[in-house]
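Next come two complexes, and both contain chain A; in the first it sits with chain B, in the second with chain C.
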Partner chain A sequence: MSKLTAGTANRKPFKRPMAGWYKRDPFFVRYMWREVTALAVLLYAIVLMVGVLRLSQGEAAFNGWLAALGSPLSIVFHLVLLVAMVYHVYTWFEVMPKTMPLLYAGGKRVADATIMRGGIVAAIVTNLALLALVWGMRP
Partner chain B sequence: MSDTQQKRIKIEVLRYRPEQDKEPVWQSFDVPYTDDMSVLQGVQYIKDELDGSLSFRWSCRMAICGSCGMMIDGKPKLSCKTFLRDYAGQTLRVEALAHFPIERDLVVGLEDFMDKLESIKPYIVPKEARTLAQGEYLQTPAERDQYEQFSSCINCTLCYAACPQYGMDSKFMGPGVLALLHRYNADSRDGAQAERMEIVGAEEGVWNCTAVAYCSEVCPKGVDPAKAVNLNKVNSAKAYFFGLPGKKEAAK
Partner chain C sequence: MKQWKRSNAPIFWVLFGGGGTLSSLFGPALILVTGLLVPLGLLASGTMSYARMLAFAQNFIGKAFIFAVIMLFAWHAVHRIYKSLHDFGIHPGPLPALCCYGSAMVITLVGAFSLLRIGF
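After this line comes the complex of A and B, so read on.
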């Protein structure tokens, strides 16, 4: 027994239930969406890995995979994945400043918002560069 | 105030009187208020004028003692720093801080928090013993910057009421205590890092945090506990791979 509880026999502390806690506050709802959208990253990784597997099985198999990607259902699926991943990237950089040591530039603390914006800009630039590279390598 | 019409607000308080209530119940009060009245003053009005049996903690009334935290409209806030005028025209719900057991009405049991706070040695353990003649322990402004924001903690425990991880498993050390732990570990004069890192790296330490980061959002002092916790995930990983600082000396 803690020092603070000594001599208090009539206590009947009430512990409130936690069921449905994630619906209690909009902040928690956003957090759950952040966690759920991580699954979009997993799903897209699986789609790509299937592509690699089909590639190892020969040209016909790979072309079949490419054709499947072009189906309307696949395009809708990829659009959903894209939205989820964009949201996930945003939340990822939102958390990033919390995981970094205190940064100083010119004697002043670098603000969390600046670090977050830096991350988002880096993500946009690398993605555009990758797109340009793929576009340039078209057959 | 120049207007003749007295403003009024309906305040619903979650009551819990262990000797008569099986579980907490909402009780409604009609409270007259002026624009300069805090939620704490509203609750004080209830106690003074409407129901003297209402229990709550408060002390300084100026956001530094950390006693008057409550769930105000579902959010953990200091009731002295939150104003009734911001809830005009609606029913204001006031509840004891979430995730803690309710002792009575708005009073929660804090012994778990206090035990945790004590366990991290929330004070400077001098790195080297010095005599008076050797003078004070010197520190550069840059060294001070490493812990200053984390030293602003007033132990109000709003961050615990914001932390679902603590709510689901109170074995977790929690945001406030881990932020204070970091405050001392990041102090260049302190020599107890190795001891505190045992707590950081334990099952109940930083790895229980899933970076919800609501703790930093609700902190009335800008401490940013989520930053302290997540910084220490890095420190814990470093300690795992490269050993604890000062541990070898302690072993001798």
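After this line comes the complex of A and C, so read on.
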């Protein structure tokens, strides 16, 4: 131990408490909610993974999965997933101006709000298109 | 000359970006259909029948779509969770990384195995 560090083991340096740090600012709270939406995306991936696994195991197994999806608990769960997913979509395009390469049009930077609005409009169109496809291909 | 080690960050970033975009474009509609409209019987009965879903999963485009959704959603989510764990006091390291990316790998493999077993 050098002369400079000798004795530091006995001192208690001040450490800024970090517990609940994100409650200090509404911006941090929104950030945390945004990050938490990843859980919904993960859980839905698992729901679909179980679905294809059951599909590969035959009709009885798949019908069991469908029946499980119809339980009240599953309906509430998917309502929560839907809300989280919609918030995920909104935030995904909210941060898009920062995550994508700089976009120029006519020699000028495209405004962040324009990029965000463009992304959200695109997501609304593709989601509605998927719903229309499912509706159009109903048996 | 020093040998530079190539970063693996771009791979995870592409999976994160791809999953974030795919889930934005189709996520809400998928949850609405598979989790709410079909279970509540608001769509024609048999919309997600075994026969139809089997045919969809055997179709090349259907199979690719199912695989892309499951894989990219999983990799997107675990990447974000791994990065956010830091904010909850769990700092980057081999164990958190293994738990996060390992989960995505398991989900990917189970999905791929199931889709291959369903056949073409």
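Basically, the second predicted complex is superposed on the first by the 124 of 139 C-alpha atoms of A that agree within 3 Å, B and C clash if a C-alpha of one lies under 4 Å from a C-alpha of the other, contacts with A are read in each partner's own complex, and residues count from 1 in each chain.
By our rule, a residue touches a chain if its C-beta (ideal position, glycine included) is under 8 Å from a C-beta of that chain, and two chains touch if they have at least 3 such contacts.
These numbers were taken from a predicted model, which means no experiment stands behind them.
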| item | value |
| --- | --- |
| Touched partner set for A:Asp25, first chain B, second chain C, both or neither | first |
| Which of chain B and chain C A:Gly51 touches, first, second, both or neither | second |
| First, second, both or neither for A:Val41, with chain B first and chain C second | second |
| Chain B versus chain C as contact partner of A:Lys98, first or second or both or neither | first |
| Dominant contact partner of chain A by residue count, chain C or chain B | C |
| Partner chain in contact with A:Gly106 - chain B first, chain C second, else both or neither | neither |
| Partner chain(s) touched by A:Pro13 [first = chain B, second = chain C, both, neither] | first |
| Shared chain A surface residues [contacts with chain B and with chain C] | 18, 21-22, 35, 99 |
| Residue numbers on chain A that touch chain B, as the complex places them | 2, 4-5, 10-16, 18, 21-22, 24-25, 27-28, 31, 35, 95, 97-102, 104, 109 |
| Contact set on chain C toward chain A in their complex | 17, 19-21, 23-36, 38-40, 43-50, 52-54, 57, 66, 69-70, 73-74, 76-78, 80-81, 83-84, 87, 89, 103, 107, 110-111, 113-115, 117-118 |
| Of chain A, residues touching chain C in the complex | 18, 21-22, 32, 35-36, 38-39, 41-42, 44-49, 51-53, 55-56, 59, 62-63, 66, 69-70, 74-75, 77-79, 81-82, 85-86, 88-89, 92-93, 99, 119, 122-123, 126-128, 130-131, 134-135, 138-139 |
| Residue ranges of chain B touching chain A (in the complex, touch as defined) | 16, 18-19, 23-24, 74-75, 98-99, 101-103, 109-111, 114-115, 142, 145-146, 164, 167-168, 210-214, 216-217, 224, 226-227, 230-231, 233-234 |
